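As C-alpha cells, the structure follows; a few thoughts come after it.
Lettered A, B, C and D in written order, each chain numbered from 1.
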Amino acid sequence: MCGIIGIVGTSEVAASLYDGLTVLQHRGQDAAGIATVDGARLRLHKGNGLVRDVFSQTAMSGLHGRIGIGHCRYPTAGSDGSSEAQPFYVNSPYGIAFAHNGNLVNTEALRREMFEDDRRHINTDSDSEVLLNVLAHELQIQDRMALTPDHIFKAVAGVHQRARGGYACLALVLGYGLLAFRDPNGIRPLVLGERITSEGREYAVASESVALDILGFKRLRDVEPGEAVFITNDGQLFARHCADGAVHAPCIFEYVYLARPDSMIENVSVYKARLRMGQKLAEKILRERPDHGIDAVIPIPDTARTAASALAEALGVPFREGFVKNRYIGRTFIMPGQGERVKSVRRKLNPVELEFRKKNVLLVDDSIVRGTTSRQIIQMARDAGARNVFFASAAPPVRYPNVYGIDMPAASELVAAGHTEKEVQQVLGADWLIYQDLPDLVWAVQDGNEKLKHFDTSCFSGEYVTGLDQQYLQQIEMLRSDDAKAARRSA
Amino acid sequence: MCGIIGIVGTSEVAASLYDGLTVLQHRGQDAAGIATVDGARLRLHKGNGLVRDVFSQTAMSGLHGRIGIGHCRYPTAGSDGSSEAQPFYVNSPYGIAFAHNGNLVNTEALRREMFEDDRRHINTDSDSEVLLNVLAHELQIQDRMALTPDHIFKAVAGVHQRARGGYACLALVLGYGLLAFRDPNGIRPLVLGERITSEGREYAVASESVALDILGFKRLRDVEPGEAVFITNDGQLFARHCADGAVHAPCIFEYVYLARPDSMIENVSVYKARLRMGQKLAEKILRERPDHGIDAVIPIPDTARTAASALAEALGVPFREGFVKNRYIGRTFIMPGQGERVKSVRRKLNPVELEFRKKNVLLVDDSIVRGTTSRQIIQMARDAGARNVFFASAAPPVRYPNVYGIDMPAASELVAAGHTEKEVQQVLGADWLIYQDLPDLVWAVQDGNEKLKHFDTSCFSGEYVTGLDQQYLQQIEMLRSDDAKAARRSA
Amino acid sequence: MCGIIGIVGTSEVAASLYDGLTVLQHRGQDAAGIATVDGARLRLHKGNGLVRDVFSQTAMSGLHGRIGIGHCRYPTAGSDGSSEAQPFYVNSPYGIAFAHNGNLVNTEALRREMFEDDRRHINTDSDSEVLLNVLAHELQIQDRMALTPDHIFKAVAGVHQRARGGYACLALVLGYGLLAFRDPNGIRPLVLGERITSEGREYAVASESVALDILGFKRLRDVEPGEAVFITNDGQLFARHCADGAVHAPCIFEYVYLARPDSMIENVSVYKARLRMGQKLAEKILRERPDHGIDAVIPIPDTARTAASALAEALGVPFREGFVKNRYIGRTFIMPGQGERVKSVRRKLNPVELEFRKKNVLLVDDSIVRGTTSRQIIQMARDAGARNVFFASAAPPVRYPNVYGIDMPAASELVAAGHTEKEVQQVLGADWLIYQDLPDLVWAVQDGNEKLKHFDTSCFSGEYVTGLDQQYLQQIEMLRSDDAKAARRSA
Amino acid sequence: MCGIIGIVGTSEVAASLYDGLTVLQHRGQDAAGIATVDGARLRLHKGNGLVRDVFSQTAMSGLHGRIGIGHCRYPTAGSDGSSEAQPFYVNSPYGIAFAHNGNLVNTEALRREMFEDDRRHINTDSDSEVLLNVLAHELQIQDRMALTPDHIFKAVAGVHQRARGGYACLALVLGYGLLAFRDPNGIRPLVLGERITSEGREYAVASESVALDILGFKRLRDVEPGEAVFITNDGQLFARHCADGAVHAPCIFEYVYLARPDSMIENVSVYKARLRMGQKLAEKILRERPDHGIDAVIPIPDTARTAASALAEALGVPFREGFVKNRYIGRTFIMPGQGERVKSVRRKLNPVELEFRKKNVLLVDDSIVRGTTSRQIIQMARDAGARNVFFASAAPPVRYPNVYGIDMPAASELVAAGHTEKEVQQVLGADWLIYQDLPDLVWAVQDGNEKLKHFDTSCFSGEYVTGLDQQYLQQIEMLRSDDAKAARRSA
C-alpha cells in the first residue's frame, strides 16, 4: 500500500506532486518523498510522516523542475525502517530516481544476484531498492551511446523477466524523461492522464485517478499490464508492451478497501463497485433470512459507508450513522500511577446510543482481517443497548496473506484462517455474521467492465497468480507476525 | 468555540484530560493546554496546534496530579495571538488556573475596571484572561482566613454581576479544588459526570458529554445556567445557583453545527435534533414543490450527513455520498513559476461524478455563512454534469454575528445579511435554495426536551439575550472582517 | 551565577538585550529570557539553552518595545527545573516582570509568609519567584492612586527588610518603568551606564560592565549596596538608598573566577586584579622555594591565563600554553557494546606534549573546588612526560559552600573542606601545591579600589556577612550533593 | 578546510568517530557526517551544523558497526549547498562511502568525463562526489571476481592519474575495509595511528594527530604523499605508493592557521612551529627597529597567541591578553525600528582598556586576508587609548587564492593582492605593519623536520605545485567573490 504520482509538465511541478500526494495519502501515511529534475540535478526530499509534515516551505523551495515523481509509503513485507522512504536514487547509470507501489515475491534471490553478478549493493530491506537496481542494471547493459525509447523498453522487458510480484513503478532517468510501468499481471493500479496548458501538453501518471482529477488532468486510460510508458523531457509519449502472455488480474482489494471511492480503476468506478457490493449483500440477507427483523443498518466509518447505504436501501431499512469517528486521535501515553485508560477502539469510534437501544442493528464493515476491532465494536453495540447485533462484511473471509503490496498480518493472525464462518461468528460474538460470497464480490467489480476476466483474489482464495515458493509464505509468516514486528522494533 | 474539560480524580488525570481533549478537538484546533495540581505546585503545558502536536511524552510526564483542567481553543473576537493558549494562571490569590469557552460582550469595560480599580494587569486580548482576573479579584476580597465553598459561590456571584456574555468556565484553585460555572443564560454548554473507581468517586466536567463517554464517566446532568459546582480536593461536590432570574437560552448553533452528533446537550441528543432538522426540511420541500424531481440527496460532509440522511428518507429519494472529503489536506505552497493550482474547495472535496451526471441533485449543508464555499460546491456539481442543482441549508439564513463564542465573520461578510433568500440563491448560483425556517429549527431541538423554552438564535434573528451596546457590534465588524484579520497577521 | 541586563531606550531594545546577554552568557548557560514592554503589553520569551538557541527570528519579532530586561541562568540552590527560566511575571499589581542574580538564605520562611499572610502562590523552587512576590506585595500595600518613585523606594525598603542574601534585581513595572536594586551588602554586582543617541538619553543596568561596553553604553557607576535606581518610561532616573548600616561586602569570587576579565566591578578591573593575584602567587613561591626549578608556567585555560601570565613574568619563567582547550565539546553518548571512551577531562583539554616532556611545570588554575579535574590534569601532565608537576591556585582553599548565588557543591564534596593543604596536595597527586593566601587575594582586589574594606569571602573563611541559620547549611548540604542531584533528576 | 577520521576497530566505533570529529571541528563547522559498516549495511547520518547539533542519541543509535568514517565540512570552491554534507555514498560497485578533505583543480573536466564516458551522474557541486565516482569507476573496471588489496591500489593509482589537486581521502568499501589515500604532493595532511585493545589491534586515520591523541591512539606516521593504506575488515593493514615522482609539498597554511597547535603534521609540532614564527618576527622587528618602544604584545585570540607569546618573550616585552574573545556569539537580528547595533568585530572581541591606554601596543595575528577585521581591531585599539598601534602578521602577505582546499576569498578581495606592504599598512591604519618573510615562515616549519624540502606556499608566492589552467583562477575569482556568493544564496 503506497501511492505514487509522476508528472512531465510545462512549468514547476513540485506543488502539484504535493497536492497529488495529499489525495493519495490514504494509501500510505508512514513516509513521503518527492524527486524532481532540475537541469542536470536531481532534487530530492523525503522523510517519515504525513505529506503535510514532511514538506516545509524550505523543502519545497529546493524542489525545482518541471518533471518529477512523488511517493507516500505504507510499510509492507517486514520493513519498519526509517531509511526506506522513497523515491530511491542511484547515480549509475545516468542517475535514476525511483518510486514504487507493490511487492516482489522473489526479492531475496534478486538481492543475491544483484550483489554477486552485478556488484550492486542494496542497503535497505526495501524491495523497491532491489527493483531500482534491477532496472539500473538492465539500463546499464544497453548500448551506451544513445539511450532511446527502444533501449528503455528492452530494459523494462529485462526487469519483467527477473522480477516476480505486483508492482507499479515510476522512474526519472536524468537527461531523458519519466518512465512508468506495471507488472505483467497488472496487479497494482496505474493510470495515465493529460492536461493541456497554454504552454503545451502535460502528462501525469498516478496510482489512482483521483490524483489526476484534483490536478485537473483528464484520465486517458490505465497503463496496461506489462506495458511501459516513457515520456521524454520534451513531452513526447512512447508506449510498448514489454511482457507477453500474462493473465490480467487486478487486485480486488483495491475495490473493497484500499482505493478512494471517487477513483476509477480499470474503468470501474470504485464507488459503484461498492454500491453493488452492498446490493449483493442485501440479496444474500433476503435470501437467507427473509424475516431478518433489522431495524437499522449502521456502517463502520469511513470505508463501509457506501456499501452500507446501498444495502440499507435494498433492504428498505433505515441507514443510520450510529458510530461517530474520532478525527483527532492522539497518542497513547503511559503515565505512572495512571487510572483506567480508554479502550483502543473507543479512541476511534463512539456510538450514538439512541441508534442502538433496543434495536436489531446490522453493522457493516468492508472486510474482517484480525477480527479484534470487529469484536470490540460488536461489544460496544451491545453495551449501547442493542437487542441483536448482526455483522456484515462486504468482502469474503480473509484467510491468506497478501503478497502483492497490501499490508496484512500473517495467516496465523487472520481470524478466518482455518475457521468456518460459524466459528468466526462465535469469536466475534455476533448474533449473525454475513460474509459476501466471492463470486458476488467478483461480480460487483466486473459489472463495471466486462473485459475484466480475472482478479487477484488471493487473500480470499489462496491462489497466487504469479506462483509462489512455499518457503516464501513461511518467511512472510515470520516477518509479519506481531511478535516479529515487536522484536524488530526493539532491536 | 473552545472545548474544556476538568477532572477531580483518584489517580493521575493528565492522560484522561488528553484523551478528553482529543474528542473535543472539533471545538478548537488552534491551541491546547492542560493544567494539573501536583501537591503545592501547578503544572501547566500549553501551545499552538492540535492536541496531538502540543503534548509530547516529556510534556505529559511533567503534568502530575489527580486534579486538572484542559482546553482547546478556536480564536474568537479578534484574537489570533499565539500567547493566548489556555489555561491561564494568576498566582494571587491562592494560585488559580482557568479555562473558558465563550465570549464576553463587556470585555473592554471590565479590562479598564480591572486595571484602574483592582490594579490587575491583563496582558492579552483574551477575554478569558479578563474573566480569570474578575474571578481572582472576587476571591481576593473574600475573607482570607478560610476559603469555604460559601466564599467561592459568593465570588462566582460577583463574577456574574460584572461579566456579560456566554461563558462556561473551569478554575483550579490551588489548595482547594475545581470550580465549574456557567453564565446565567446558560448559553454555552457544560455537563457533569461521575465515575466510580476502586479508589472512590471521581467527577468530570466538560463542554460535551462525548468527552465523558469516552473516559467512562456517566453523564449526571448539565451544569445549570448561573450555577456553580465546586469539587474539593478530596472529592466533595458542592453546588449553588449564583445568579437569579435570567432566561435559560442555550446556543442553538451547537445543535446545527458545532457539537458532535454523539453528544447530549441540555438532555437533547444532537444527533436526533439533526435528524429532525432533516425531516423538517423534507416537509418544507414537499410542501413547496411536491414534484421536486430530485434524483439524489447529497450531503456536504461531514456535519450535514445526519440531516441529509433523514431528509432523503423522508423524501423517499436515494441518499448518496457524492462528495468525498479529503482527509489529508496539505499546506498551500507558493512556488515561483508554478502553473495552475487546485481550487481551494477542490482541495477539500472531490465529486464522485457518476452521482451527478444528468441528475437533479439536492445538496445539503448544515448552514450557509459566507456562501463562498457553497457557490464553489454548486459549480463543482454542475461541472460534474448535474442537470439541476438544488441546495438546502439545515439552518435559517445567518444574518447577524455571533457574540457568544462562535467564530463567525463580520455581518458585512455574511452572504445572507441584508439579502432575501432569492438573492442568496442567485449569488450561490443554485437552481433552488431551501432554508430551514427558524421555528422548525427551534422545534427540531425543543422536541428533545420540552423544558427548553428559549434559545440563543441571535445569528438568525438578531436578538441578543444579554443585550448589547450598539458600539459593540461595530467593533466586532472591525475586528472580524477578513481585511482586519489580514492586517493583524502581518503586523 | 546568573547574568541580568535592563535597558530603558529610545528605540527597540530586544536586539540590544540579546547582544548584551551573549556577553553575559558565561554567567549562566542553562536558560535565557527577555521581557519587553510593548505599550500596555508585556512581551516575554524564555527557554532552556544558550541565548543563541533560545531566540529565533520569530521569537525576537514578538519582543517589541523600548524598555526591557534580559536574564541568563545558571542553576543554584537545588533548582534543576526547566520551568524556572527568567524573567518571571506576576499580573497583580500593575504587571511586573522580574529577573535576578543571587540567592536568598531565608527563602523557606519567606515562601511560607507569602502564602499564609499574603495569599500569594509560589509555583517554583526559584527564590527569584519568591523575591518577585515579596516586591509585588510591598508594591501592592502602597497607595494605589498614584505610584510614585517614592512608593517604589518604600517597597524596595520593605523587600530589604524581609529578604536576606545576595541579590541584584531588575523589575519592569508596567506603565511605570524599570527598577534596579542590589542587596544591602552589595554582594552581587550591578552596574549602571548611559548612552546618548539622537533621540535622547538611554540607560542600561547590567551584571557586568562588559555588557555596557559592547552596546556602546558608558559605564557611569555601580548601583550601590542597598540602593534602588528607578528609570521611568520616559527616561527620568531616580535613585535612593533603601537600606541602612549594612557592611559593603562584594563577592570576591567574581574577581577570582566568575566575571569576565574585561569587566570593571566596584571600580576594580577584574583583569588587573587577576594580574595581581599572579604576582602575589609568584612572591609566595619565591619566598617559599627560591630554587623552585620551574621550567614553564602553564595555565589551565581559560580563566587562569591572566594570573598565570603575570606569575610567569614575575618568576622570569617562560609562559606556555601547554593545554589546548577543546572548543567544541560534544555530548557523551552511551553506545551498546562500545569500547573505551575518552576520559572526561581529556574531552576538554589536550596537552601539547613537548611542553611537558622532562620539564618541571607549574600548572595554574583560578581555584580548586572538588579537585577531581585538577587531579586528572596533574595526571595528564605526568603522562605527557613532566618531571615534576607543581600546581598553583590563584584562590585560597575553598572549604565552605557559597550561599549567595554561586553554584558550588556541598561542603562534603569540596576537596579542601576539613583538610590541610598538605592533605589536598596528596589527594591531587601534585609534587607541590601552592594556594594563594586569603589576605593576598583580598589585597589583589583591594589594590584597585581602596574604599573596599570588606568582601564576602565566605567560601574560604566560613564567615557569612548576612548571618545564617545553622539548619540552612545542612539543607544546602542535602540539596547540592551529587547524589541528591541525581535523585532529583531521575524523579 | 574539512576534517576527516576513519577507524577500523574491534568494537562499536560511532562514539569514537563523534569524539574525534569534535576535536577536528575547527577544520569545518558547516556540516558533519558519520558512516559505519553494519554487517551488509551502510549506516549513514549527516546534516548541517556542528557535530554536537547534527548527532542526536537517536541518530547515534543507528550507527552500528566497528568500521566507520566521519567528516566535518567547511565549504570551498563555491559550494554553499546544504545537500553536500559528507560522507557521500554510491551503491555500485560494492557500496562505497567516501569523505574527503581538499580540492581538485580539474573538477569540471572530470565531471564531464564521468558522465560522457562512464555514465555516472554527479548530483552536487562537490568535488568530493566527483572524486568518489572516479574511485568507483576505477574499482569497477578491476577484476570483479575477487577484490584484493592489489586491485584497490591499482584503482587508487588510476585516481591519481585522473585527479589533480590536494586531497586526503577515506573510503569504506562494503565487504572489504577502509581505504585511506593522499594526493601525490601530500598537500593535505593525513595521519595514521594504532591502539591495542584487549580485543586486538585497531587503526585510525585522521586529518590531525590530535584526533588520535584524544581517542588514545598512538600516532604511527603520516600517510605518505601518493600512498594508499588499506585496512581490511579483519584489521590487516596493507600500504603502497600509488604515484611516482611528485614533489612532496605540504600546505604551509596548516601551520600558520588551520591546524590545532597540539597536532603533529609531517612530524612537525604545529605549536613549536608557531613559537618559531614568533621568534622570527621578533628578530625582524629588532633588526628593523631596535628602538621599537613597544609596551605590550597583544595577540588576536585564539590562533595568534602562541606566536605572540614567543615574540613577546624574544622582545623582552610583557605579553598581555588585551582582547577578550566572546565565546557565545549570537545571531544578528534585524529588528524594525531598531537603534544602533554592535559593530561586527565588537561582537567577537572586547578590549581590556587598561592594556591599551597610552601604550605602544604590538597586535599580533596569524595572517591578514581581507584586512577588514584587522582594520577594525586596530581602530578598536586606538579607541581604547593606545598611543601607537603596531601590527604583526605571523605569515607573509596573502596575495593569491588557495586552490587546494582552504577557503579564501577571490584575489580581488585580498587586501595585499597587488599592493605593497606599505600600502596595506595605510589601508589598515596601523602605525607600523610587520609581515613575516616567506623564507622565515618556511624555516619556522622546516626546522621541525629537515626532510621537508618544499611546501605549498601558493597563496604567498603564486606558485601552484600541481600546475593550473589560467582559466581555473578566473573561475575561482567568479565563484568566491562575495557578490557571487550573495547571488548564489538568494537564488
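Please note the rule applied: a residue touches a chain if its C-beta (ideal position, glycine included) is under 8 Å from a C-beta of that chain, and two chains touch if they have at least 3 such contacts.
Chain labels with UniProt names: A, B, C, D = Amidophosphoribosyltransferase.
Since this is a predicted model, take the numbers as computed values, not measurements.
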Centroid comparison with subunit A (C-alpha atoms), farthest chain: C
Averaged-CA centre spacing for the pair subunit C and subunit A, given as whole angstrom: 62
Rounded Å distance between subunit A and subunit B, as computed from the means of their C-alpha atoms: 37
Rounded Å distance, subunit A centre to subunit D centre (Cα mean): 51
Subunit D residues counted as touching two or more neighbouring chains: none
Arrangement of touching chains [line / ring / star / complete / other]: ring
Of all residues in subunit B, those that touch subunit A in their complex: 9-16, 18-19, 21-23, 25-26, 29, 50-52, 55, 57, 60-61, 197, 199, 210, 213-216, 260-262, 269, 271-272, 305-306, 309, 313, 318-321, 324, 326-331, 333, 335-342, 346-347, 350-355
Residues of subunit A that touch subunit D when the two form their complex: 41-42, 89-95, 118-124, 133, 136, 140, 144, 174
